[in-house]
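One chain, chain A, appears in both complexes that follow, with chain B as partner in the first and chain C in the second.
And now, the complex of A and B:
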């Protein structure tokens, strides 16, 4: 790597080598870290004051008697999926279970998270315990609620607050929690405080088991604590205290937890077995497919018309699979020579022409056939790379069959109407929609971004010009204008008879936007590949496609992993813009749907705060993971 | 390549479909034609569809009264669509400039706090950065908007300092310093002062370098500026004559015949492509004469020539209105400038107004005399400032960490004081690293102001949306957005690049 951004290098190095501070007593620690000189002392005092006021403000805001958290609790389901019908809710759980299982499997196969020293766990316990104790003291005493359920007010009209001592007694539950945490932390600390492993391997816990047990504890608490009430049933909101969130979700969540554990064990088993390569490829493929399959197949429950399937869909899929496979088998013969290229080019021209014809409406053809022809042309272009022994040729043909099966299956499912009875036009709203859009955009913009980056660094001046102008124009305008453009203008661009749902239009726009940014990240990686790599590839006689695919791109993508993860985070953050252009993502639910309900008129801040916390949770985890990854990549180089 | 192969080897061109150069260019030209064709097709389609729904794509709405009210800006009740969009642009720029200034200051403070050896400050900085950059900006803006909307109502006497500062659910109102009558004449004085002060500074520096004694170049230049500004405050009316110069320029420009400008534009197109080709040929010239040109080079030159001719034809035949538009707007601009300098103006250059509260209808509201920030403005402002400051803080921290420790130690061993070392050694080197990503953040901030649409602050996107909802002219409005944001991006990158070049290490 020669040209890396010096700032990220500096930040990375700081993380890799935190200066191992000498052990200090508490007093010494205070003196060196807080009161080293008078300026520092003043800063410390001012900082303490600011932190104190900030914490107090936040706590008073969150626990104020004016907060209507009940609005969020009642609308939890709306925040997650909006109007997905109650009767079909099991589909959501199945989809979630699939993702959880896949996550467990991948964690089992790939993860190597290492250990968590008990000493650090002890500091966490003590830190959280201390923070709770601090919060309990800092928060102002609660207002007194009279016997009529109303706030007792003083003569001036301001609410009357209980005395400090009463408040402390009222919050005894929190005190007990804080003391327990502090005690556990202190015990752990005193036994494992030496960084040297005094007691052998037990001084460290594996992070995986800590995470697993932590999640388990949260889920188990659903069986003990009856968390808030809710419900959105058939368009009406039910706020009975009997139907708690905990009651209706404890079973599914426990199942999720068990799935997570089991799939993790399966992954671990596969990892040490000889099928590990296959398992890795398989789990990656499943990750790629699952957002599409879960959204269009599981959640929509398409009503298949078996007559149509038998008469049209299945024969077509079979025909494309078998005939295409035969063509590819022929094209990979070792004596194919020039004919292979000519055939592939002819196929490509034909496939592109089909799309042009579709736009002008010259002749009818099923969309699936157009897609299949295009894929066949691409496979034929790749075919020269697979010329050789039977095993290689079989690889290509089998891959083709798999792609065809998948494409035709998904296309059939997507085109079949859904049986799920929906409350609104939106198929899935809330957090589900947000996650779906984020994942789809990341998956789809990746190949496009790589292509654009290759175009921008290519030796072909027109390609370079086209990709550069595309990237710069897109990067010059804000996302919201692109989204508005697509949601308003796409219907105008399409010829008569063609339609695109708003979600699809927005997804297209968002993908095109995201691809331009991704291209810049990939370009950074491409520029770090030295000239020698290109020359070496040329010297051993690789074609341009082979050089790019097997030599340049793998190295370039590895180098740009941190930037790519950053791009994933910002893509996820920017899904919040869907709320502006009228899709019901969970920000929109919090900002417009809840405040419009008659019980919770104008209650906005609570919902937005919850949305902010959910976004923070996801982004924080991803960014911490990316820092880990970066450190690992960085360490590998040294 | 042919030049390297020994002459004994039988060399002939491969068949056409295997000739790398031919295939390469055929593929590229086909791709270009396909792209252009697709764009043409889409534009055509949109035109047809718009005509079918009786919304022709033109820019007439710019001069028609849109009948909309804006929530804030220099003109809340614009006469024309163009004026409304202009107000939106000014609002966006206002937000962007204010945001960039404050976000930079805040970001530097937080970044330095994260580097300090005070544990508490470090932690506060970390919490600030981690929280704000992991929560989407739109969520933050909506939250701030909701919080501000729950403030108290405006009453006759409200705010921390009645008569000076008011805070309520209508926003913030405070004293406003604004440009008054004689500002432009005063600005001429300032400009002259700036030139003189710069001259003084250079002379002082030269003196210091020559004699070694401290001459305080910056301080004396600054002092001179202040003196000039104070004198100019009283004598500025004497520059009223500049108005006449601009008037004369205006009539001069409007007397330029359109055909001449038209031909000049066409000639510029052809000339620039000719210039490029000349430069290209020059770059291939070696001391031993012109290098052998490859087919690729010929293709490039042909392409440039064709591009120049197409550009000329486009401006001469397809868009003949351009020259009259250019002449008219230049003449208008000079006339406006002439008016600003007009002879009759002799008032103070700057003025300050205190905020007032007026009773319009049922509820009291902020009057126009103070500097009023609506809650929309406040929400967007705090949103972009906090969000960007978190990123700026990381850039500052990284930039300073990127300066090798040896530099600090070397400065100390030379006997420089810590403040001098920071000013002369550390910060210049850190700035060099920080500038490019900082420029990127400024760009992002400018684009992020477009989220104002969510809280109803009248920036260009919000105004544009209102305008096209009224008139149905979506495509023209979107094209104006694109043009505006692209020019913003371009100007910011030009500015950042200017500093970047100045900061570059001068290498041997």
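And now, the complex of A and C:
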């Protein structure tokens, strides 16, 4: 009898109409995809074998009797923030709570996931159950621990292992978990696996219920699972040894997860309300501001002198806001003509002169005032764009008031001494420092990189030359040397009395470095824009700035998303080079701090494995997000 | 230059109108190659001028000089009384009065049709968004595709894209429209829908300068046809003169090849 090909068999069995894609049964899928011919079959078998051996290796490593996971569990706090003072720790929680809340809000506002089909849930259950069962079988039998608590050894000295059957019995807990998962999955599957078209509406869980069940399970686990012994700071346990992480941090973590759930609900509500546009803009803006605001919360707490605030800071801010606003209001009159340009230019000259004067010490003017004048001059230069009806003019003036409020607030706060008592230079380390550096560097280097790319493709030779030489010099130098240069050399060149904190110096160097690479990625995007786009923008009368902002950059950045995300990921990973110049980044805590503790002398592998997993977790999220982003912005080009 | 009776009559009809585009001895070089050799022509307000000629004759170069997408090296170009010089303000002023439609449409692929049309009115003309949008919808109605406002250019056919491009130019309420081979990149079945829109425009009284090979269109709506070859204007005349009684041998040769 002649064999029929699987697809026509499937067509017959499923009674699918020919214009729908046929569904293959599991066996048929295997035959068409994995064992279609001899070569394919051999590759499949070899690949499976390799995956099997790797899994076995990882499992044996993780569950080996030599592993001291307690070192990681005890040092969780050190891995996260290293030596941030215990008395101020509430700041870290506040900052984390804010980020978690913002994440929940954004997820709620932006998520366009439909529900979770029970069918898929069933495959997940069965998949996890199957994986557990596989792991239980694959792992080599445990060594036998004698009554004295020591490993029983054979005559040759290698540890004695229990028999395979005993190992299976020992792991019966895992077996039960696997069987339960498989059973639940199978029941769900048999109930909901049929194609939609034959059994009414598709059965699925709403996304809200999925999120809340998930959060509920995590919170429950906080109070049940002993995640780890609690913190070890400056050589002493903060909580009693033997208790779990839950006893000191289960409450804050519970609050975090509750915040996540609640803000997610708020986000979902906003998504369906008519404020959705405003909410999207607002949450984006908050994401941009929050790193700076939060590191502020974590690192500083100004002790305000209210007498000075009332007598100087507040009146000055108000004066700049109101008078500057009035000037801008006048400059946007439709009959202003040449006077506008002259005033703006005069303001700019005056503002720049203030800085020169301050540099040479001709007359003292508060830095705040100098910054404000400079901003006012820039706003005056922008004013012609806002000439028009009252609404447009009001936009400019209100924007000005907002900027003034922010600038004067920040300037006042920065110039006030902090009450946070940071004992040493290494006040922050671990994951906190790594994230701090990565986020700040990415946010700051982005605009700089875009400017450099624009400069390099500019038609003005001077911009082109400067940007090109900058980019080429930076790209020709290793990151480590840039970091060393900024941490060691730059302080030597600074004038007397001027200090640059190590971290600030490093951030500057790293930002400049990262910007050069970003610039090259953006340039690739810029080159993909056709000449026709420039001509069309010119022909409808856009100015060069409008052409760049509305036509060229949006398209260029869209094209370069994959490379930009790659750059973000590598910026994040390369923060581990900070260890070279003496900062205690995430990896260094695992690599040098933990192994140096007398309790865990030389225990390195466990920490590094955990650190690698956490790096991977973050980068996985970034790359998933970028895939979604690519799909979304790709819409316009279909 | 040859002027027969019909052309003289057309020139009389146009004589009392204001000059819209005046070109005097315009030269344009690409390196050693001279693309325009002393092009001199005047286009009156409300006139529909069709420029034709073999490829490489300089007709696209000329039309692109008029809103300074190309820079001319010799001679003067005056559009609506504003002379084209290096002064950025003059260039901006002229560009906001002169609409241009390209062979390759050049729509902005990342913006919806509506945003393509409203971008310049909002940011160059400083119109409120609501007003700009209602005008854009009216223009889409005029070019016959009101239902495509929310789509992206990539989702439209070539003919529809070119009509959006025309609407985008019209949104600036230009006094002059330049068409640079607007139908050359279109599939044959889409040419008519674009030409229909252009005919409607021509009858509305806007000044138009059209570089095209569509001789049917030229015969039907042009006030004057200019024939270019080798960077020079060889012959100018009404459609009647041009198609029935051309005087220059080069014109005759061109017509015998194209008709």
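Quick notes on this structure:
In the analysis below, the second predicted complex is superposed on the first by the 491 of 638 C-alpha atoms of A that agree within 3 Å, B and C clash if a C-alpha of one lies under 4 Å from a C-alpha of the other, contacts with A are read in each partner's own complex, and residues count from 1 in each chain.
Here is the rule we use: a residue touches a chain if its C-beta (ideal position, glycine included) is under 8 Å from a C-beta of that chain, and two chains touch if they have at least 3 such contacts.
Small disclaimer: the values here were computed from a predicted structure and weren't measured.
In the superposition on chain A, contact is made by A:50 with chain B only, not with chain C.
Once chain A of one complex is fitted onto chain A of the other, the partner contacts of A:391 are limited to chain C, with no touch recorded for chain B.
Contact with neither chain B nor chain C is seen for A:88 once the two complexes are overlaid on the shared chain.
Partner contacting the larger number of chain A residues, of chain B and chain C: B. With both structures placed on the common chain, the touch criterion links A:476 to chain B but leaves chain C unconnected. In the superposed model, A:550 makes contact with chain C only, not with chain B. Residue contacts after overlaying the shared chain place A:627 against neither chain B nor chain C.
Of the two partner chains placed around the shared chain by superposition, chain B is the only one that A:580 touches, whereas chain C remains out of contact. In the superposed model, A:597 makes contact with neither chain B nor chain C. Shared interface residues of chain A, touching chain B in one complex and chain C in the other, do not exist. Of all residues in chain B, those touching chain A in their complex are 24, 27-29, 31-32, 34-35, 41-42, 45-46, 49-50, 116-121, 124, 130-131, 134-140, 142-143, 146-147, 149-150, 300, 303, 394-395, 397-399, 401-402, 433-434, 437, 447-448, 450-451, 453-454, 461, 465, 468, 474-475, 478, 481-482, 485-486, 489-490. Of all residues in chain A, only 5-11, 13-14, 33-34, 36, 40, 43-44, 47-48, 50-51, 352, 359, 460-463, 466, 473, 475-481, 484-485, 488-489, 491-495, 569, 573-574, 576-577, 579-580, 587, 591, 604-605, 608-609, 611-612, 615-616, 619-620, 623 touch chain B in the complex they form.
Those residues of chain A that touch chain C in the complex are listed here as 387-389, 391-392, 530, 532-533, 535-543, 546, 550-551, 554-555, 558, 633, 635-638. On the chain C side of its complex with chain A, the touching residues are 67-69, 92, 95-96, 98-100, 102, 104, 106-112, 119-120, 123-124, 126, 128, 152, 154-155, 165, 168-169, 172.
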